[in-house]
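In this document, chain identifiers A, B, C, D and E correspond to the written order of the chains, with residue numbering beginning at 1 in each.
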Amino acid sequence: MSTQSDNQPVPAENRASGWVIFVFFLIGLIASLISGWIAFPNLLYSTQQQPIDFNHKAHVAQMDCSSCHFFRDDGSFAGSPTLDECKSCHMYPMSNDPDEQKFIEEYVKKDKEVPWLIYAEQPPCVFFSHAAHVKGADMECRTCHGDIGQSTSLREYQENRLTGYSRDIWGYSMLRLGEAKHGGRHKMNDCAECHLKETGSKGDCFQCHK
Amino acid sequence: MKIDRRCFLSLVIGGAVGTTLTPVPWKLTDDIAIWTQNWPWTPSPEKGPSVYKKSVCTLCNGGCGINVRTVKGQAKKIEGQADYPVNRGSLCPMGISATQHLYGPSRIQSPMKRTGERGQGKWEKISWAEAISTVSEKLAELRSRKKPHTVACIAESDRGTVPYLLQRFLTAYGSPNFIRTPSSFDAQEQALYLTQGRHGTIGYDLENAGFILSFGSALMDAWGTAGQMLSASADFKQKNKLIQVEPRLSDTAALASQWVAAKPGTEAALALGLAHVIVRDNLYNKEFVDNYAFGFEDWEDENGTVHQGCKSLLKQYPPKKVAGITGIDKGTIESLARKFARAKRPVAICGRGSGMVPGGLDEALAVFALNALVGNINQPGGVTAIPEPDYWPEMQRDKTASNGMQQPRVDGAESDRFPNTRYLLNRVPEAINSAKGESPIQALLVAGGNPLYTMADTETAKKAFDKIPFIASFSTYMDETAQYADILLPNHHFLERFEDVPTPAGTPTRVIGLTRPVVEPRHDTRHIGDTLINIAGSLGGFIENAFPWENYEAFLKQTLTKQWDSLEKQGYWVDPEFMPPAWEKAFQTPSGKYEFYPSQRSKASGKDADALPGFRQVELPGDPEKMPLTLMPYASARIAGGAVANPPFMTKTVDTDVIKDGAVFVEINPQTAKKHGLSEGDAAVLKTPAGKARVRIHLFEGLMPGLVAMPAGLGHTAFSDYIAGKGANVNALLTDVTDPGSGLNAGWGIRASLVKA
Amino acid sequence: MFPFIFEWAWDIAHLVFMGALWYALSIIGAGLTYCIIKSLYDTATQEGGDSAHH
Amino acid sequence: MTTPAIPEGVKRCSTRKFAIWLAVVGAVLLWGVYAMFLVWYKGLNQTGMNDAYGFALWIWADLAVIALGGGAFFSGFLTYIIGKKELKNIINYAVIIGFICYSSALLILALDIGQPLRGWFIFWHANVHSMLTEVAFCLSVYFGVLTIEFIPVVLENPKLDRVPFLHHLSHNLHEVMAVFAATGVFLSFFHQGSLGGVAGVLYGRPFSFREGLLIWPWTFFLFTWSAAAVGPCFTVMVTWLTEKVTGKKLVKQEVFQLLGKISGWMLLTYMIAKIADTWYWAVVTAPSKGFALMDFYTNNPVYGIWILIAELVVCGLVPAFILISRKGRENNTLLLTAMILAVIGICINRWVMVLQVMAAPLLPFQEWYMYMPTWQEVATTILPVAYGIILISLAHRYLPVFPQEKELNPGN
Amino acid sequence: MTKQAQHTKTKRYGMVIDLDRCTGCGACMVGCYAENNVPFRKDETDKMLSLNWLRVFKVDNGKPFPDTEVCYIPKPCMQCDGRHMEGHSPCVSVCPAVATDYDEPTGVVSQIYTRCFGCRYCMAACPYHARKFNWWDPVWPADMEKYLNPDVSVRMRGVVEKCSFCYHRYQKARDKAYVEGRDEIAENEYQPACAEACPTRAITFGDLHNPEHEVYELSRSKKAFRLLEKLNTNPKVYYLTSKSWVRRKADNYLEGESPADRKPAHKAETASH
């Protein structure tokens, strides 16, 4: 492979000078920083809109949170309401709201469940007890979910393409720094942090895992 | 400005340094790990509210009440229904794993028509309309040729609305050939009829019994209603109340306070020997025997002939002789008899193993005699006859039907030869195979029972089935028999359908349970009741008129109007009026008493000796020279021995010394093994007059020397990949041994040879 | 392995174990850093210099 | 034929011959790589392991190569810290062999875990109470140290040496090598020991369980000691093999003898400790759990008492006595035989501490568990051997590994 | 793993299995598999490759016919308390990634499948073979995924799993208690699937610390013993038997030693209080 010329030192005038090399270094550095900090997060998450733009504020004016987000007798938490529960009021339009129209046309009439996208959905390995937090520790919904009850519109839902997790789990800051948007982040360490503060212990594994 | 490869290198280094300062490697590492925690191909069950639904399991004839947890319309878990009067919350492993059958790959998903050879497994999906018209055209054709009696129906049960509809259909159509698959209760219920004059199911009040003498009944392994037996067993051990007579240390024997290892097939002799001691020592219940029994003493009939009574007969069974027959020592017999007679509320039960084989009538009569001697008939902790359902609507039939109904039955049941026997499926293959010309069955409807798996000598049965030109199966699963059919009209799974479950055999109260849909039907299946109504509808005429209901559900509700409220609310109905009748009113025999001497039986044969129970050694098929061992099937609660095969969960519980790598282990005593040059784990060939199978050897001290014990319920060839191909089917190695008195299969084993492979 | 990890505890076991680990890592890190910087310096000051190092 | 890539003053075989050699070994390597791919893609069902044998061939291979790779840290210790100058002539090779052993161990570990993509949890979510955590940390950090020790050797390749920065780097690394070596010794002490601890702490497994000092069972110290004792034997064995293959004398016999002498004394002291440990275990520890010694050596087709005798006497005391005697060391055949025996002994020890631990039944009604590796396991276990041969071939060809080679082979 | 002060409210859930009642029917096993989404394969005959959180052994006294006796021994995870009753069960302290831990409030040994990376050290450590590895990707043929229990997460290939005393049922019972404003859950509110499925009521489950629970007395009975007690693993699964030969099958004895020499099972436990 080697040739005679390889054995000779390359004359200095034929070599790139130090600052040129440094510029190339900088180009590589900056390009990777930009792609890593800006392009990557955008690529990693896909964005979806909720099937129906739900107005929490309008509903809260007329009823309690627990009318839709209630505890079942067995202690489990119902989460988002089912079609049947929505239907109990919205069998027929109650307003001129286009989203309500859409809801009735596409879901009530077709008897199809609304595929709500759950911002704080935990993965299957997690047992999250709403009862322990809401009933046991008297916490308010907004502590974790933000002031969603006062919102008039549902924000977009971002999903991690690799993990399938909602972006709310990791948080919107890539470094998980700063004040969390929308109430809180929901990774295990976020739970642990609060538990440590409130109960003096991060908790045992089986407290939250199944 | 010169650019060389060092510049490029520098660019790459800069990029690498930069990348480590971005979230890319770190976040990706984490996300990839999270990806492995949520692999898209690993299922994640959907959450939702739990809804519990009550129903009744019909996987066997046990009929246990179940409570099914459902989430979003999917059945999740089956648990025992705590207040159900039969099983009281207990459930056998089969019942618990029924969801595996519901959602499993062995379901028949739509009506199908055979396209290849029989049993080849080639099917074509057809519509329900086509399926029903195919069946009704075939039936109409036979009827037009005045051969309605060549249609037969095999069912797993003859009680409840579905078997009734099948019977009603055959009656309206004109065939007497409704045949129920055999069980040990065949012999017991015939004995019940002969001694008490009542048709009905037999009830053993084991929970209240103070002392249970079991003649080889696998109480812990699926005998009767498994859930009920297991639940009752909780205090068998504590209260020292179970004695098990059996040549193998079964799970029941293991739990018993005493295991009496009698030679197999000598149970009747032991029962008579015990009765001998009880009578000899005057330990019997004189009040009952003197006032409410007939044929205990010798008696003289209207013609002046003196007949031998039970007491005289028993003289022939002194302990010494019985000891010789049974291999149990005299002292044990004496003490056992005394213990039994002196116990509070003793009861003797029979029906060998899990009760798949009827056994001889003499054995049942001998055990019944023991019960009668201690006077436990219709007493707490004793034996009771539970009347059969009697709420059936009227019907009319045409002449063709009437003529057809007068034809003799194919199986010879209710004939002059076997007047008291209701069904003799075991005799059907012989009837077909020996018939000259065309098969006496031209069309066969199989509504459960999976006879091509459960019948003894399955090869011969298959040969007979080959001669039947038309076989339709209503099976829910692709079982061995469905696989051999021409057309499939799949029934809903029991978790998808309505059905009533009347008092299961063995239960001492009168109960009806309600099986009801827990989930929506998953496939294009149809309730067998509806299918029958459809077929009747397309046959027209009187047949159609006999089925005036819109659908099965309507018929069910109409039939059980009185019980419906309770059924719907609690899932069961217990007859509030049912009380075991007092002795004065209990017996509907010609003598009006409990008949030690069953006169109905003597009428059939005309011979005294045949009427009284006696011990007659059953000659097992096979040449004792060439086949020095005796093969006996054994039951295990972990292996479903019946029509429906083990779901995978149950097979998972079966241990490595029962089945390994597709081969079944047969148990033999180490002493026998030594004699035959066999050792633990050896591969061997087990040969019987019916066939042979490759097996492996498991040495078990708890088995009587000279015997080979093989688990029943393995060796399925159909259902699914998860079920088929595990071991060998013991039924295929057995043959029918006709009991001369009843025609029932009295075979408890077969001669066999075991040679190292 | 860091104090912000869920499993971290400020107990003797962690201090001893992780202390030893970080100690070893820092020695290695310091050694490497020294060598690289020294080599860069050497390269700059005595370009193409002598090579008798063993 | 001298190309500039080959160190000055030494002779190497033709490129063609070398290529054929590489191709042959490479084929074995590819076979292993294929098996490795299968294991990663399809999972551990490709192995013969089962729930009784959670640890099997791979873990044995891991323990064995790490013990044998112990030559690197112990030679380093002797060379840089004790100051045995003669060992400079073999230290390069010891480092290379160590590098191969440790990289192989890490590769096998990456294969052996059910979820390789989560493998970093062992660092991130470390449980400091687990011996395996200690192993993972020390092993990977020590591998880093070995890499650092290996770099200067690589940089001495004539072509690389011409790059000024690399030239200086090599020089500077040499300068501070003692620091790295010392760190390596520290790390090695713990990971070799922790590997012993892995089995020793299993108080549910009377066969391997040992009492100990603080959190460390005696096996911790036995493993470290034995690795230090036998690692150099393996280095010498491989060097000798290299000499046979290349047909050249590479290292002076005195170096072998010196290592042999040190190993001999290490081995003898180790054997004394090991026998004491076995004795205590047999008469105190095991009986306290209801086991007699022979319970662990009967009723099974493989694990007879012969294995204990082989480990302690034939491959333990015998080589130890040969190596401590001057006569034994000076007889080349005896020296090598002893070293090979010692290497076998250590492999048996590691085998027993993994496989027999799994095999012995605990509940009285259970049988011995037997295990048969699949070809995938065998292939992936041979893979490191092929990889090692290739790396050694390349190193020997292109790097000045043996300082005495020129002197010992003047004809070239 | 931090050791907390023994709090009076701390529970030690345990199980007492009456071997005199067990008939070996297998309902507990099936109940467990159905409850806990335990996968299955076409061939399950190699029990060392079979995922069984609960296995029922058949043992016999070895005497010749007809003096033979058999006994069934169901074996779930023993939920060991460890040598010094501090939760360092054989498996917990060896897990390098804290995927298994001792749950202080209940004494249950947890296993977190998503944390486990499959090194199998815990399996090597467990003398009871209670831990099982997912050698294969779990597959539920046809529609069988539909019966999976949403309360229990499905395990993926390459991780270890084991019996958790149906901890999810404890979680659910606690939820119910919260919603009803209670602090404590009743004995019958938390029962594992096997205890519930046992048709012979051979399995009793409850808090070994709570004198009002049935297991309290049962575990202190003269008939009580545990498997491999000499290893000092301190299991929370107790067995009852009236037969001394069965006790001999449950631990190893040197010649001349007998189970009668051993102190009753509960002594070891109370000693540490």
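Odds and ends about this structure:
Here is the rule we use: a contact is a pair of C-beta atoms (placed from the backbone, for glycine too) under 8 Å apart; a residue touches a chain by one contact, two chains touch by 3 or more.
Computed from a prediction, not measured in an experiment: that's the story for all the values here.
Counting only chains that touch, the fewest steps needed to get from subunit D to subunit E is 1. In terms of the stated touch criterion, the partners common to subunit B and subunit E are A, D, listed by label. On a Cα centroid basis, the chain most remote from subunit E in this structure is C. Ranked by C-beta contact pairs, the top interface belongs to chains B-E.
The chain with its Cα centre farthest from the Cα centre of subunit A is B.
When every chain is represented by the mean of its C-alpha atoms, the one lying closest to the mean of all protein C-alpha atoms is E. If you average the CA atoms of subunit B and of subunit C, the two centres end up 75 Å from each other. Separation between the centroids of subunit C and subunit E, computed from CA atoms only, is 47 Å.
Annotation: 38 Å between the Cα-based centres of subunit A and subunit C. Annotation for subunit C: residues touching 2 or more other chains are 5-7, 48.
Each of the following residues of subunit A touches two or more other chains: 9, 74, 76, 123-125. Residues of subunit D in contact with at least two other chains: 115, 118, 121, 125-127, 129, 133.
Within the complex, the subunit D residues that touch subunit E are 43-45, 49-55, 112-116, 118-119, 121-122, 125-127, 129-133, 136, 198, 201-206, 287-292, 295, 357-358, 362-365, 369. Those residues of subunit A that touch subunit E in the shared complex are 71, 73-76, 123-125, 127, 129-132, 135-136, 201, 204-207, 209-210.
Those residues of subunit B lying in contact with subunit A across their complex are 1-4, 6-8, 10-19, 21-24, 27-28, 31-32, 34-35, 37-38, 40, 44-45, 47, 49-50. Residues 123-129, 133-134, 137, 141, 144-145, 148, 161, 164-165, 167-176, 179-180, 183, 186-187, 190 of subunit D touch subunit C in their complex. The touching residues of subunit B, when paired with subunit E in their complex, are 36-37, 39, 41-48, 71, 74-80, 87, 90-93, 96-97, 99-100, 102-105, 107, 220-221, 226-227, 230-231, 233-234, 237-238, 249, 251-252, 254-255, 259, 261, 522, 637-638, 648-657, 659-662, 669-671, 700-705, 720-722, 726.
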